[in-house]
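Chain lettering (A, B, C and D) follows the sequence in which the chains are written, and residue indices restart at 1 in each chain.
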Amino acid sequence: MSELGLYRTMLVSRALDDECMDMLARGLPVPHFHSGAGQEALSVGGAAGLRDSDVVIYSHRGYAQLLAKGVPLEVIARDMFYKAGGSNAARGGVMHVSAPEIGVPGREGVFGARFGMAAGFGLAQRLRDTDDVTVCFYGEAAGARGPLYEALNMAVLWDLPVVLIAENNGWSVNSRTEWLYPNARMSAVWRGFDIPVTVVDGNDLGEVRAAVGEAVRRARAGEGPSVVEGLTYRLHPHIWWDDAAYVPAEELAEAQERDPLTLTRAALVAAGTAPEQLDALEAEVAEEVRAVLAEVLAGPDAQWDVEPRIVGVAGV
Amino acid sequence: MSSVATETRVLTGREAFRAGIREEMLRDERVLVLGETVRSGGAAGVVAGLFDEFGPRRVIECPVSENGIFGAALGLALAGFRPVVEIYSADFLLAVANEVMNDMAKWQVQHGRPDEPLPIVIRGCMAATEGLGPEHSQSMEPFFLHAPGLELLTPSTPATAYAAMRAALAATVPTLVFEHRKVYELSGPVEGGVIGERVTSGADVTVVAWGWMRHEAAHAAERLAADGVGVDLLDPVRIRPLDLDPVIASVQRTGALIVVEEAFVTGNVGAEILARVAEALPGHPLRLRRIAMPDVIHPYDARLERAILPTADHVVAGIRTLLGD
Amino acid sequence: MSSVATETRVLTGREAFRAGIREEMLRDERVLVLGETVRSGGAAGVVAGLFDEFGPRRVIECPVSENGIFGAALGLALAGFRPVVEIYSADFLLAVANEVMNDMAKWQVQHGRPDEPLPIVIRGCMAATEGLGPEHSQSMEPFFLHAPGLELLTPSTPATAYAAMRAALAATVPTLVFEHRKVYELSGPVEGGVIGERVTSGADVTVVAWGWMRHEAAHAAERLAADGVGVDLLDPVRIRPLDLDPVIASVQRTGALIVVEEAFVTGNVGAEILARVAEALPGHPLRLRRIAMPDVIHPYDARLERAILPTADHVVAGIRTLLGD
Amino acid sequence: MSELGLYRTMLVSRALDDECMDMLARGLPVPHFHSGAGQEALSVGGAAGLRDSDVVIYSHRGYAQLLAKGVPLEVIARDMFYKAGGSNAARGGVMHVSAPEIGVPGREGVFGARFGMAAGFGLAQRLRDTDDVTVCFYGEAAGARGPLYEALNMAVLWDLPVVLIAENNGWSVNSRTEWLYPNARMSAVWRGFDIPVTVVDGNDLGEVRAAVGEAVRRARAGEGPSVVEGLTYRLHPHIWWDDAAYVPAEELAEAQERDPLTLTRAALVAAGTAPEQLDALEAEVAEEVRAVLAEVLAGPDAQWDVEPRIVGVAGV
């Protein structure tokens, strides 16, 4: 995918984010919305350019990951607002979007299983003798859970085509990364496996692309797993009820300076794209996303017709 | 700040849990708080302020490493501390089911010291509010009911929240305090709560309910009272060990029992209560029933979720059906 | 080796479980075996020979990483494989309670595909033999009874072992097969087992028992038959979903029910059965009872353990007490 | 403790082992006996010379660990044979020996909690402002479990006085170490934490002592956790029902050549101890252990009087 295409995906994700923040500001419910603002370069850089048969296990603010993997915006939005035509008919909302046919199997709610799942998908890809890969994103929370070690040991042992992408965004709810990891680094320990472990500026799309590209290449070539840790920043509060009063204003201001959208735009301009073309693209995307959201919000609610078929239904 | 409990405090459920912990921390410096985000008050604000008051040697901010945290709690307890461990949402206790039920619950017995206290309090927010989805809404007490060696507390009001936290801190075995999210928001007097309350008295039907369901049942009792149906409503507060004597005595009078429970119906606590009552009163023509969640995981959409959570309406209808049979 | 099931095979329970797995592996190459020591036959020899027969792409030797293994099983199943995962001892399933009950059990429903199969078979040796201690002896079905979205199988004979393994492999939801260690050692015909068997017929008391307890109950029934007491002994084989109709129909005739269960009594499966029966027959003067382990963890010393495991003697005494009341 | 004293402890453990193997060979029950033969240097080298206030979390064939930490042989034997006067009155047998007053809190049956427990004990030692340490042994099985990562991350983050001793003995039941870990090494990954990770010849008492000594020194000095991996070999089958037919005869013969008792004896002789003195010591220990076992076996069975006090007793 072209750099411009990647930037477009980042813009779509940010526009979705802006719309949701805006609704929240107006007191409207946006259930389970976890803003992905600030992390679009890492998300898009990590998930774009893969095949449908490659698998991505996304993280809870990874709308940009879903978009980059090919999940339509309207599916994400319908799931978010419990509308018909999403992927899960209000049973999982935006926390459990899936699209198995394009390599998006879903997300676990209690962090942990994603790592074993990644190993399982990688093993499946190996057992089928394909050169497909599995990419698994995770934040500071999931990254401190034991299943990561268990699964990575398996992946190294069996040379599984797994790419782990650590999203070091400074926070886990209101806990600082340095309260959770030595030296505030999530991936350092995995160097001990003698696999490639790369720490990149997660807001630099080019750096992310290079590191993930190499990790994917290795995985496809049967050379086993890699870890890419992207240093980025969560620009918005954890979730709607969080006022993020704990975020130092100066730190946030600095992070805003390094907004991946600004940086990516600047890189595109530096590489010769006309600013006017980008202005037009930005306006177009904003308009498009606004229209999609309006349509989604006007659409019918998801219907709940699944229960009688579930095992063991009984009760009230 | 003063550590002296006054007789007239009115607190929210959240504050009542906190008061129980804080007072014991003031009394005994071996009491530690461990968990995720506890430095900033924890998942639901129950331990808010404790880090500032007691500092990082008493309130220990942990990585999101549930197995590590619960293992550490066991080590700390065996080393003479009294850890109060927060789980971010009670649903996540399944991730430490082995530590809680195979390790902690069995430890002192299988090491030949059944009388030696193992003071570990495990606590966290639990149960459904509105659309939190099935991994942040479940009523977890049935999953932990089967393990010998644990105490389980499921308070329902600020007063029972406070009493339950104090009871947990006084317990000699690892004790789980399930803090219902809706109970956090209630306001009421803190003193005077007891482990096992009779909420209303009545001669027609015995109802057992705890946590939020106590309130649904109380509303139902009120509505039925207007129709002349007397509900003997018991809130055990402690689920394991459960004091069955008042329940059995009541059913001997009423002949009818309904357990109202927020958990999925199959394998819930109500099953155990019905079984115990039936076993205690063989050959009696009893009417026994559970009102509970169907075996359906919580939809994210609160509209849909509301359709399956047990409410006062269900209790009223259930009692009418049971008595009308 | 032949893949054709003959009508006259006599196998041990261990072999019957293996036959069920092996035949499906022959039929469908998406069936994989995963677990610890499975290359050498697994913890109890159930998968012995399968590595040699099917090779390392079908029988996958794993590190002792239960969470990794169960996560991988979920991934494999979602990727179109049909993993059969061995747990080294069923007690250790508590270490993956989250993966089994929060992840696997909920996955398809919360991702909006309730009808999409998630073919994961979880199996392993379970329950008490002689002095294996409380982390290798527990009856685990009650710990997993409460989660919607799972099937639980607890076979008792070579025939039901085979039938249960086939049923598990045919199930569309994650399914746990609890293999009683004592059932491994039984010999018997393999064909003809069904999910839900009437072991003896009788008019005086209904008895429900599964796993090893079916045999203790059968001995008791034989002894009581000599005294003219008729026992209607039902072995459900599948614990969830449980087919209650035959139980209720039987209790309607006998008025008395005993559930014999090896698990700790509090919060066991029997509680659910008693509750369901009581709910189904309100106002009937029923006699309901459980025979089960006390809430005491297994001592290591087999002499002491024998003192608390339920036996035919307990069943005989329990029935006499119940009927004599 | 002197080298001779350490050798003596190794001899006691081996003599216990010999007696148990002998009973098994005679068809007598030795419940839950997991032979520690071949691993005495690592066990004694790892657990000896500690204070009563230091904690050792032992592994399931770590009789030599218990002995080195000061648990009397007769306590271990009484627990093994369910005799009165052991530590657990037949409730845990030899799988759950404990002696909290000398820093032996017990053992978990389902591998995993030991690591978090070690962090917890280490944290307790820190919170009490002592310079005590916690030593935690583990085999290939426990070492592949996630709680190890979770707890070690905490230990590194908080500079806890924890020493992990990995017992790489070639097997986990009948699984080879190389089926379970990349390059058959249990500790390599932890180098990524930038803590001392040392791989030693686990049958060389001197090497073990040096590595563990340095790890303990660091821990006491507040310099945080270390990992020592000892390469050793399980000379006997996993447990009584195991015929160990999977062990290649040649490999076993080689391992027997490197029996830590032979090596330690040779080192003592090389350092000037008279062979006659060692002969006498060996004979004395064998006799002493035989006598202790005979006395234990003749002793009264443990009585079971604890249950009425357990919470929630009910049932049959």
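The working rule: contacts are C-beta pairs under 8 Å (C-beta built on N, C-alpha and C of every residue); 3 or more make two chains touch, one makes a residue touch a chain.
Chain by chain, the UniProt names read as follows: B, C = Transketolase-like pyrimidine-binding domain-containing protein.
Remember, it's a predicted structure, so these values are computed and weren't measured experimentally.
Engineer: Which chains are shared contacts of subunit A and subunit D?
Structural biologist: The shared contacts of subunit A and subunit D, listed by label, come to B, C.
Engineer: With chain centres defined as C-alpha means, what is the inter-centre distance between subunit C and subunit D in Å?
Structural biologist: Roughly 36 Å, centre to centre.
Engineer: Round to the nearest whole Å and give the separation of the Cα centres of subunit B and subunit C.
Structural biologist: 30
Engineer: Just the number, please: Cα centre separation of subunit A and subunit C in whole Å.
Structural biologist: Chain centroid spacing, subunit A to subunit C, equals 41 Å.
Engineer: Mind pulling the residue numbers of subunit B that touch at least two other chains?
Structural biologist: In subunit B, residues 63, 65-68, 91-92, 94-95, 98, 102, 106, 109-110, 133-135, 148-149, 240, 264, 266, 290, 295-297, 300 touch at least two other chains, as defined above.
Engineer: At which residue positions does subunit A touch at least two other chains?
Structural biologist: 91-92, 96, 109-110, 112, 144-147, 150, 153, 157, 180-181, 307, 310-313
Engineer: For the protein chains shown, what form does their contact graph take: line, ring, star, complete or other?
Structural biologist: Topology of touching chains reads as complete, every chain touching all others.
Engineer: Contact residues on subunit C for subunit B in the complex?
Structural biologist: Touching subunit B: residues 91-92, 94-95, 97-98, 101-102, 105-106, 109-110, 133-135, 142-143, 145-149, 240, 263-264, 266-272, 274-275, 278-279, 282-290, 295-297, 300, 322, 325 of subunit C.
Engineer: Would you pull the subunit A residues touching subunit D in the complex into a rising list?
Structural biologist: Touch list, subunit A to subunit D: 144-150, 153, 156-157, 180-182, 188-194, 197.
Engineer: Residues of subunit B touching subunit D in their complex?
Structural biologist: 32, 57, 60, 62-63, 65-81, 83, 98-99, 102-103, 106-107, 109-115, 148-151, 173, 240-241
Engineer: Which positions of subunit A touch subunit B when the two form their complex?
Structural biologist: For this pair, the touching residues of subunit A are 31-32, 82, 90-93, 95-96, 109-112, 140-146, 172-175, 179-181, 246, 301-302, 304, 307, 310-316.
Engineer: Spell out the residues on subunit B that touch subunit A in their complex, using ranges where they run on.
Structural biologist: Contacts found on subunit B: 36-37, 39-40, 61, 63-68, 91-92, 94-95, 131, 133-136, 264-266, 290-297, 299-301, 303-304, 307-308, 310, 314.
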